[in-house]
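Take a look at the structures below.
There are two complexes below, and they share subunit A, which is joined by subunit B in the first and by subunit C in the second.
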Partner chain A sequence: MFLYQGPVKELDDKFVTLIGKFVADIKHGKIRGSTNRVLAMVTLLETIITESQYTTAVDLCGAIRAAGRQVMAALPNELVIANVARRLLRAIRDENRAQGNQGIEGSGESLQRLVLAASARRATLGTAQHDLREPLRDYIAELRGELESSISSICGQAREHVHGDELILTYGASPITERFLRAAAPRKYKLILAEGPDPTEEFYSELTVLIAEWSQSHAMANRLSAAGVPVTVISAASIYAVMSRVNKVVISVKAALGGGAILSEAGVFSVTLAARHYRVPVLALVPLYKLCPIHDLTPFNSSGSPHTALSYDHHEATSDNVHVYAPLYDFAPPDNVTLFITNLGGSSPSYMYRMLSELYDPSDYLL
Partner chain B sequence: MTMAQESYQKLSASTKRRNRRHKLKSILSQTQNNLANNSNNIDHKSHPEITKDSNKNFIVNHNILGDVQDSLLKNKIEENIKMSSTDNKSRDDVMAARQAKKLAKQKGKGKEPVQNEIKEQNIAKPVAPKSEPAPSTEKKVTKEEQKPVKELNKEPTSKGKDEVDRAVKVDPIIEGADRSKEDIKAERAAKKAAKQAKKKGATEGERVEEVKVPEKPAVKEVSKQVNEDMTVKDVVETLRDIAIVAKEMKEVTVKVSAIDLSGKKAEESNKSKAELKAERRAKQEAQRAAKQAAQEKAAAAAKPKVEAKSAEGDAVKVKEDKAQKQKTLEKAKVKTGNGHRVNWFQHLYKEHDKEALKSIAINSNLHPAIVKLGVQLASKVVSGSNARCVALLDALKKMVRDYTLPAKTEFARGLESHLATSLDFLWAMRSPSASQTNAIKFFRYHLTQLPNNVDEFDAKKTLQEEIDRYIKEQIDMAGEAISITVRNKIADGDNILTYGCSSLIERILRDAWSAGLKFRTVVVGNRVHTGATDMLRRLVAHGLPCTYIDITSLSSVMDKVNKVVLGASALLVNGSVLGAAGTAQVALGAQAYNVPVLVACETHKFSERVQTDAFVYNEIGDPDDLIDKSDENSPLKDWRSNPNLTPLNLTYDVTPPSLVTAVVTELAILPCTSAPVVLRFKLSEYGV
Partner chain C sequence: MQVAGVPLIDFTLESLSRGGVGEVILFCCKGGQKIKDYVRSCVEKKAIWSVTMEVQVMMSDTCQTMGDVMREIDAAGLIRGYFVLAGVNSITNIHFGSLLEQHKQTCKKDKGAAMTLVYKKVSWEHPLITSDKPTFLAANANTKKVLMHQKYKPKSTEKSINLPLEIVLNHSEVKLHHNLIDASIALCSPSVPPLFSDNFDFQTRDDFIHGILINEEILASSLYYTLLKGNQYAAAVTNWKTYQTVCHDVLHNWTYPLSIETGLCYQNTYLNMGNHNFRNRNSTLSRSSSVVENVLIGSKTNINDNTVVTKSMIGNQCVIGNNVTIKGSHIMNNVVIKDNCNIVNSFIDDNCIIEENSVVENGTIIASNVVVQAGSQLRGNILESTEAEREKTLMKSTSESTEWENESSGSGGDDFIGFEKTWSDSESCYSSDGSDESSLPDSPIPEDTNIFLQEVIDSLARGYEEKLKNDYLILEINSSRYAYNIQLHEVNFFVVRALLSIPVLADTKNVLSTVKDILKYFRPVLSNYIKTKSSVMDCLRAVEDSCIKCQWLEGKCGQILHLLYEADVVDEDSLLEWRQDLEENESPIANQPSLVKFFEWIEEASEESDESE
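So, the complex of A and B:
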């Protein structure tokens, strides 16, 4: 879908096996949580870089792009993982430019450059032949540090956004919101937790046990209340009813899109819509690795098991006349989000495109 | 004496070693047997002797029954008293409890010679003053203990034992009532200490437990002695010994209270070992004294009985402890109860439905149909605006039919007051919906329209006819009209989205399907309120192709939906729609996708209330509904013990007029803001 249709570099068999194992681990739920997945991807690409014989920019780019493509093809829902490959590609380009001393050309955002861009991506790499592996290894260590600290740096901003006696609404359960709200606990705010469908996408392979939905939201409510935050649990249907009293909405995202839209669990559209109706600020917690160079997601979604919407106890669920849908993701347009809180600080949705060009090279938007 | 008494004595002899409850049970069964015999005997009226006998039996039975009831009643009262005394309540409470106990006692002895009653009062009175020095109080207590013994001397009937039991049980209570708060505290502390000791070692514990009821075995012994022709002098001596023991007990309790007063309740469990030891020693001494006093008089054969009795006493104590624990639990609940109310919904909380169900007055003047409806409303068996309205009118009809006019009362006034009490009851069960309010308004209007000198029969007939007419016109025919109107708005191939469960929407969709329109219905539900699955079931049963989604998945289907048709609980005069929680969210989602939203609402649901958000008026549903029932270890299951955790289950929300394209009524398709016009029109047309 988002893959570049050009020729792909052939990878060694051992790397293909490694990629296969990585994909299997994710599918079987062995690696849970987006941070862990991203870190695993970094490790995978690092292995490819260090163990392969490629040294030049062109070869390294080809290998990483090939690996990224294979992973993306196997895991189309995991938008975030491909971002690691994009980051590395950008690093290779930068290093190459630094080594070749041709950095004057800029990082490629000028209108002129965009319009007059070289027809082939290969051409942008130049012809210099440097061994880039050493600087890349340093960069990977840097990247890993950034990924590991991104959530804590977002949570460090919690006290700037949550204040005493405020009524905060959050939707569904996610580790990052939980940490964020926990970090804000000394502010003595009150929390409304609207139970989300908690799509168990991390567990939905047959090998793992399906955790009862909603229980994740409830468990999070329980933990936060134990941490001293007064929590009111409401059902997803009552969000509009209480929204008029809410001061801020805090949500986590699955992926942030280039235009400032967000992809998150099902129901987030309704939440942000209600917030917008009442002009309540919506804060989206976005570690930068979740920022994807994609702008439109209309054809993108995947369905969860229908029994999460209508349990099989209801015999009408099995009737031929009835269709039951339980989509996993929801898409909220940029207008519905007030602020992105990234690990580099807050930024408005309209600024996300700039972040994008700082993180990735425009020619790598499509792997 | 009579056969029954003999049998009872035999019975009591055989059950002496059993505990009290078993005894009561057997008495009850015996009584039932006797009663059965009676009825048999009465059948054979040809035998006058048997009949006579049976009559006697009957009287005795009555006595036994009375006893059983007495003891049951007494147990209850005792519990109450204990609770109140241990609760450290005010003196008034203690006094009240004593008064109640006294009354019960008198009641129990109603059949006995009046002499007894007088004596009792004499005894009870001197006890009343509270600020008496300890020894005198104890004297009085001993006096009281003397009383049952004397009674026994007079008539050693089967009842005697009961009497003694009662006396024994009552005494500590009276003492407890007389004591100051500190003393009560001390007693509790002693009990607690005893408990702890019990935990420490079985052997030690046994002794301590015996200490807890030092007076009991003694008195029991006395009663036994009396049966064996004891002299009055011996009795007096025994009682003096008891008094001494009691004194010692008091000393112990004073000691304990000294310990207790220095700290607080929590400290009781944290007492040092040395203190505990000292307490235990003191108690053991007291107990030894008690034993000596008992043993001096008691025959060796009676000894096992003492133990049995003390064991019995232990059982009672354990019960008391349990009661105490329950009480503290209740207290905790009450405390957390307020903590679990969401502040901004404070005004909406009322006693929970389950509590309301308990408070139904069974022997009230309410019509059974009203009571039934009340229960149905509270338990949400009858839910939905139309269903509640029809059920109410139906109950009213039955009430009117069975209403008997008191003498010298105008029909309208009499029925009005009767109606008012019924409605008070119903609204306490569940606050009225707009449809119900309007129906009552309508009913009252027709009640006042009745002529003053109307015949009762005619009035009833008129009212019943009016009710029928209301149901037919306002609900049935209005529904049909709306159904036709909406049908004209549905085209072949449409996707119609609806939310929750509404009888009117169901009717519209079914009618449209029957009329040959080919469309698909998208039923949107939510997890907490399961109405939508009922709706889905009914539609599927009628053959409609349906799609079901949760309200969280709204955006995934909204782009394919052609029309949203929603039901309403009420249409407010400012144009807002009061609907099931989630309605507003669906309307909002529809607006975001530019899908027209039609609200189907009969004009009898139009309300004169105004409301801008869901906070002004709402109903707080059962918070437990939020908790996943299928999950045993649901993380929320302990929310009652967690003051920071509050599940909130709202029933309604308010959709602003800006989100609603049009309201479909039986009169026309109107904009929301025409609600006042409709109300004015109805006022001029129907008078309501």
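So, the complex of A and C:
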């Protein structure tokens, strides 16, 4: 039985409420940062696995698939969250197979068995009734460890990519680039930070009195220069002008797509395009959980509040004939990225499809 | 009532839950059961807001205004902490938690701080200002304390503003604001409900603001204001024009993260077609139809060949025929529009059917379940043909079989008629000792004067039937007068108007003798109110008004005046003065034969009396 044909379980009310709470938390901005969101999703799925009565592979897959679908429907922009469900589905499949093999022979998988029976068994779940919850708990603990450490393992590679006296350009603020650049600080490089369209952050003193209003990029520049990196902040408009002097471009991504393309904050496409024109290498920092088995973009470009482009104070803003667009994300094709730096090391865009099949099962690509 | 395809109440609840509110009390004065059912169904569907906050629906048919609601709340002791007061008609993406925190800081500095008003600053040309009541605000620049607050009527011609000198003298820096949108949101201290109870003449929030500013020393309370910044959006739907503007803003994502998808918890069903056109996945568009800009199309809606839609909202399950043009219109659910229709700047409510070749233009408002016959030409008010004039729409039925229901200005839907308030207990996400939310009546309350008139008619009719004592009736009228805040001269006017509108008159065959009877019976009431010369004029004006408006009095104006004259209610001088008025104003009754006859008689009578003297 192929899993995507398998039944999608009706989830208990208890779990639906849990999912609702999770969605509300994300929508209300209580869980910030992709890592935290992904970890919260792991916790959610773990609760569903441990508290439900399902034990067999088919049932568990149905439950996780249902939860994944609900979350995806509610948060279509959070591509990354569904990856957790895909990872778990893959784990259920693997565990099921391992258990099945033990049942027959009482020994581990042999190479011969893998080769002979691979295609037939890959996507099937069999009828064996094993309690998979125990091994799954172990796997979840492992997954959580991997997620938590993924950023630090990417940052561990910083010194291999950033060298002394280089001029690095980055676009906008993101926690992962900040940590990456900070880890590379001993290399004595110089940084150009191009302001993104990021919202201003309000800084409050202890008495919740507003003391400063900074854009996130400015705040990041401030912290980096405190860490000893010489930072120059430029406006996004002058990226092309400085690109000829830049040695490397470092960007973070929202999601890495199957074909090696990236989805990132609005404006990244022009940055990578300029880099490509000057043959400047573009490094994309991609923890593996951001790798999504999708290829197209159409439904995912949602727009944000247009106030970043035009203030509401202007009367043009509400004129019938003015259309203000403020897309949240940008799509950069595979050609524009030189290297993906994942937690398993660097890999080229053309290799990303291979990573996909290592992480997920092909029948789970469509949740 | 839907704004951009989402029930207004969903926007409000969603923004409350985003803002970290823990508990909502919805106060309904009308249609409470519907709202209750709706809220329950949402909770069953596990709408996102239902997970994080509790919604309690309260119903009260006796509450007419916000003042009544606040008094009720105070009497029930529902709110004990700081709270947010908002209307169901306001759409906002602000974070209530941080604003409330700010209000508490103000309260620490000034113990009397009662309310912080929330305003959004926009350009002067903004449609929300030009079509709503513009607000003028003077405030202390350092403390943000409101010193003066004034609302103007829409399109008022008043050119000057009086600013008391002491405002400028007593404060080192004064800020004047004129370009503010009032989102009908306010942050309140626990002292607000008792203030409403103590001052029973506060009907609305504006009364409250006004009262507090005038009696600042006596009430020991003060007001503050805050302006929203950058991406924070707040606006209130108060009339059709603001409705249109808010829909536009929602579609253009100014309210981000509130959007057309708000309220739909687990499905994001809209497809973006570019140019701010959105259509539901389940909607069907013909290949030859075209959707130009700012269009929202609901689910299972069918649009056929060669139809052009622009700047419009179309609800769910609508069927739009061939060669239809829809422009700047709002079409609700289950509407059928047949071929070759032309619909411009109009509002069509649920379940309407517009037959072939109809033209609906210029701010026509069609209520639910109406069938417009083939070939009808509906032009709301042709003189004022811009969209801005929707609220003034007249319903002229051109075809006899169509039933028109005149929807008064403002909001028609059921979700609209409600008050709302919330409070979050100590478990809410920001550690406060209770924050609440309550709201203004969002449908424009039926005008006080109309209610007052109805009440007076009722009391008089009852008094006449049951032969009650006139003293009691006077007492009754006086108490309604205070309840509805009616001026004395209006009372005079309405009492006479009511006398001539007692339902008995409509049924009787011999109107004049009944009128005579009534006048005789209510003589003490009349003499109580109609004493001075100006009150006599009020009385005469009321007669004029009744003669125009009541069918049973048609053509009998002169006789009625005669009766009044005989009963010594009116005197000659005022009658003559009134007649001049009539002629100057070209009143439709000025040339009525009965009236002309009456005045001839009067003149003769006065000449006779002169002669006899």
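By definition in this document, the second predicted complex is superposed on the first by the 319 of 367 C-alpha atoms of A that agree within 3 Å, B and C clash if a C-alpha of one lies under 4 Å from a C-alpha of the other, contacts with A are read in each partner's own complex, and residues count from 1 in each chain.
The working rule: a contact is a pair of C-beta atoms (placed from the backbone, for glycine too) under 8 Å apart; a residue touches a chain by one contact, two chains touch by 3 or more.
None of the values given here were measured: they were computed from a predicted structure.
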Problem set entry | Fit-or-clash call for subunit B and subunit C when the two complexes are aligned on subunit A | fit
Exercise. Touching A:267 in the superposition: subunit B (first), subunit C (second), both, neither?
Worked result: first
For this session: Would you check which partner chain A:196 touches, where first means subunit B only, second means subunit C only, and both and neither mean what they say?
Result: first
Problem set entry | Touched partner set for A:324, first subunit B, second subunit C, both or neither | both
Exercise. Taking the superposition as given, does A:52 touch the first partner, subunit B, the second, subunit C, both, or neither?
Worked result: neither
Exercise. Counting only touches as set out at the top, which of subunit B and subunit C does A:153 meet: first, second, both, neither?
Worked result: neither
Problem set entry | Per-residue contact with subunit A, leading partner among subunit C and subunit B | B
Exercise. Now for A:357: first (subunit B), second (subunit C), both, or neither, which partner does it touch?
Worked result: neither
For this session: Applying the touch criterion given at the start, work out whether A:309 contacts subunit B, subunit C, both or neither, answering first, second, both or neither.
Result: first
Exercise. In whole Å, how close do subunit B and subunit C get at the C-alpha level once superposed?
Worked result: 9
Exercise. Taking the two structures together, which residues of subunit A meet both subunit B and subunit C?
Worked result: 301, 308, 311, 314, 317, 323-324, 326
Seminar exercise, completed: Listed in rising order, subunit B residues that touch subunit A in their complex are 342, 344, 525-529, 533, 536-537, 540, 543-557, 580-582, 584-585, 588-589, 592, 613-615, 618, 626-628, 630-631, 634-636, 638-639, 642, 644-650, 652-654
Exercise. Mind pulling up the subunit C residues that touch subunit A in the complex?
Worked result: 17-18, 20, 46, 48-52, 98, 101-102, 105, 120-128, 230-231, 233, 245, 248-249, 252-257, 265-268, 271-272, 275-276, 293-294, 311, 429
Exercise. Contact residues on subunit A for subunit B in the complex?
Worked result: 195-197, 212, 214-215, 218-219, 221-222, 225-226, 228-242, 244-245, 266-267, 269-270, 273-274, 277, 301, 308-311, 314, 316-317, 319, 321-327, 330-331
Seminar exercise, completed: The subunit A residues in contact with subunit C across the complex are 16-17, 20-21, 23-24, 27-28, 30, 70, 73-74, 76, 199-200, 207-209, 299, 301-308, 311-315, 317-318, 320, 323-324, 326
